[in-house]
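The data blocks that follow each hold one structure.
The two complexes that follow have chain A in common; it is paired with chain B in the first and with chain C in the second.
Showing the complex of A and B:
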């Protein structure tokens, strides 16, 4: 892992710590109240705040996850060079695409 | 160079490293499924509602409890790594790892209780 990836990995971790805490609180609230899809989407659709929160979360988690998978593939599977970069970019772009699609699904009116 | 013995694998901090790595890998595998489930809302409320009703299954609740543990233990383990790398060295590293693991178990237990009570 080069210095740029190391800094990105740590920066996204620091960004996500409060986001994960909030996510856990939301999970507790939604499951304990037994919220329906209408309840959830009624709160998130058209909300710039939820769009910003989940958008940032998706980009940070995808970046963090892709770099993490790269490290594990190098250390445990012995992957090197171009294959390693392809794996990282594939995981990262795949997660960002699926994640932003999910954000659009819950925030767009 | 690989160590010649496996004695280090009995060290609490090595176990903390392994838990952090495996929880991260598990979360990376789960994330696409999570995004696909939320993406069901694109096809309308009814599809997402159908999925939410499926998650009321006790086995799914148990799996969700595991996911809450993975998320909490990976976050707390990550904060531990950030503390090690950015703050002055502390002698009580094993205690910090123990607190992180225990707090994650408490978070998962609280979630489980919130859905079964």
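Showing the complex of A and C:
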């Protein structure tokens, strides 16, 4: 962990705080209104707003998680150097791929 | 007669003391318990009456120098400042060398890594003036001086280093004492070495490795707060990085 990674962790955390709260509110809204999958997809498909919101969420969460896993791997498995970087990028890009795939599934028309 | 007056105990303590190097083990000694007895008194008794081959460090024996720091019942503390009445449990006591440092022999650990990290964190004063310049006036009431004063009493006993989980998990971590010292110098208006110092503490293993567990603050025998100093370094390095100074 160094100053660059630390700033990235704090920045992604700051970005995610309101996104998480809104996400919880959205879930509550969808379930309390009894929205079906078709109802939800009717609202998200073709929406740049939903794509931007959840796209940003995915990138922030993937970055934050990857750096977090990096620290754990360094402290508990003693990983260093190139292996540590590869693990971090692997986790990060993997989560971005899975996440954006999920976002695409609901926003692509 | 003095001996009877001073000793209200007829009991003894079963003391387990680490003997040998890393591949050593605990050996048990039966030590008489006395009033106002400290753990250092116990170690000294063992060396004088039971086993003269026991190796340990001490100097002032009055809680000023930090030389007698050892692990007592799993926690790092100054043995001269620890009354046995406060730590003995069921008539038993366990004493070992400080954690997170290699054992030389018995209760003496190798402090080299601790001192090396002090240097790596740039914990040494870099002068900005010569003897030809007037003396720098520093008001003790200024914020930087108060921040520095809060940390300068450190005597580098390594209790915080031994208590720190992150030191245990991350061998690159500079540790609470080294970073605390760096913070006092960051706040010293006379110092000219802050560019290198901030770079040193902003690197891998620097202040950002701290998880704010505060074991350092809890165990410091001088009631210092290295966690707060490290938080200060995190703020300063972040500001420096954003300004493009790092």
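Keep this in mind: the second predicted complex is superposed on the first by the 109 of 109 C-alpha atoms of A that agree within 3 Å, B and C clash if a C-alpha of one lies under 4 Å from a C-alpha of the other, contacts with A are read in each partner's own complex, and residues count from 1 in each chain.
We take it that contacts are C-beta pairs under 8 Å (C-beta built on N, C-alpha and C of every residue); 3 or more make two chains touch, one makes a residue touch a chain.
Given the structure is predicted, the values throughout are model-derived calculations rather than measurements.
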Quiz prompt | Which superposed partner A:51 touches (first chain B, second chain C, both, neither) | solution = neither
Exercise. Could you look at A:4 and tell me whether it touches chain B, chain C, both or neither (first, second, both, neither)?
Key: second
Quiz prompt | First, second, both or neither for A:91, with chain B first and chain C second | solution = first
Quiz item: Which of the two, chain B or chain C, is in touch with more residues of chain A?
Solution: B
Practice problem: Using the superposition on chain A described above, determine whether A:101 touches chain B (first), chain C (second), both, or neither. | Solution: first
Quiz prompt | Which of chain B and chain C A:26 touches, first, second, both or neither | solution = neither
Practice problem: In the overlay, answer first, second, both or neither for which of chain B and chain C A:74 touches. | Solution: second
Quiz item: Between chain B (first) and chain C (second), which, if any, makes contact with A:61: first, second, both or neither?
Solution: first
Quiz item: Can you pull the chain A residues that chain B and chain C both touch?
Solution: 10
Quiz item: Given the complex with chain A, which residues does chain B contribute to the contact?
Solution: 21, 24-25, 27-28, 31-32, 34-42, 45-46, 48-49, 52, 64, 68, 71-72, 75, 78-79, 81-82, 85, 107, 110-111, 114-115
Exercise. Report the residues of chain A in contact with chain C in the complex, numbered from low to high.
Key: 1-7, 10, 74-76, 80
Quiz item: In their shared complex, at which residues does chain A touch chain B?
Solution: 10, 13-14, 16-17, 20-21, 23-24, 27-28, 31-32, 36-38, 40-41, 58, 61-62, 65, 68-69, 72, 91, 94-95, 98-99, 101-106
Quiz item: Inside the complex, what are the residues of chain C that reach chain A?
Solution: 166, 169-170, 172, 202-204, 206, 208-209, 234, 237-238, 241-242, 246
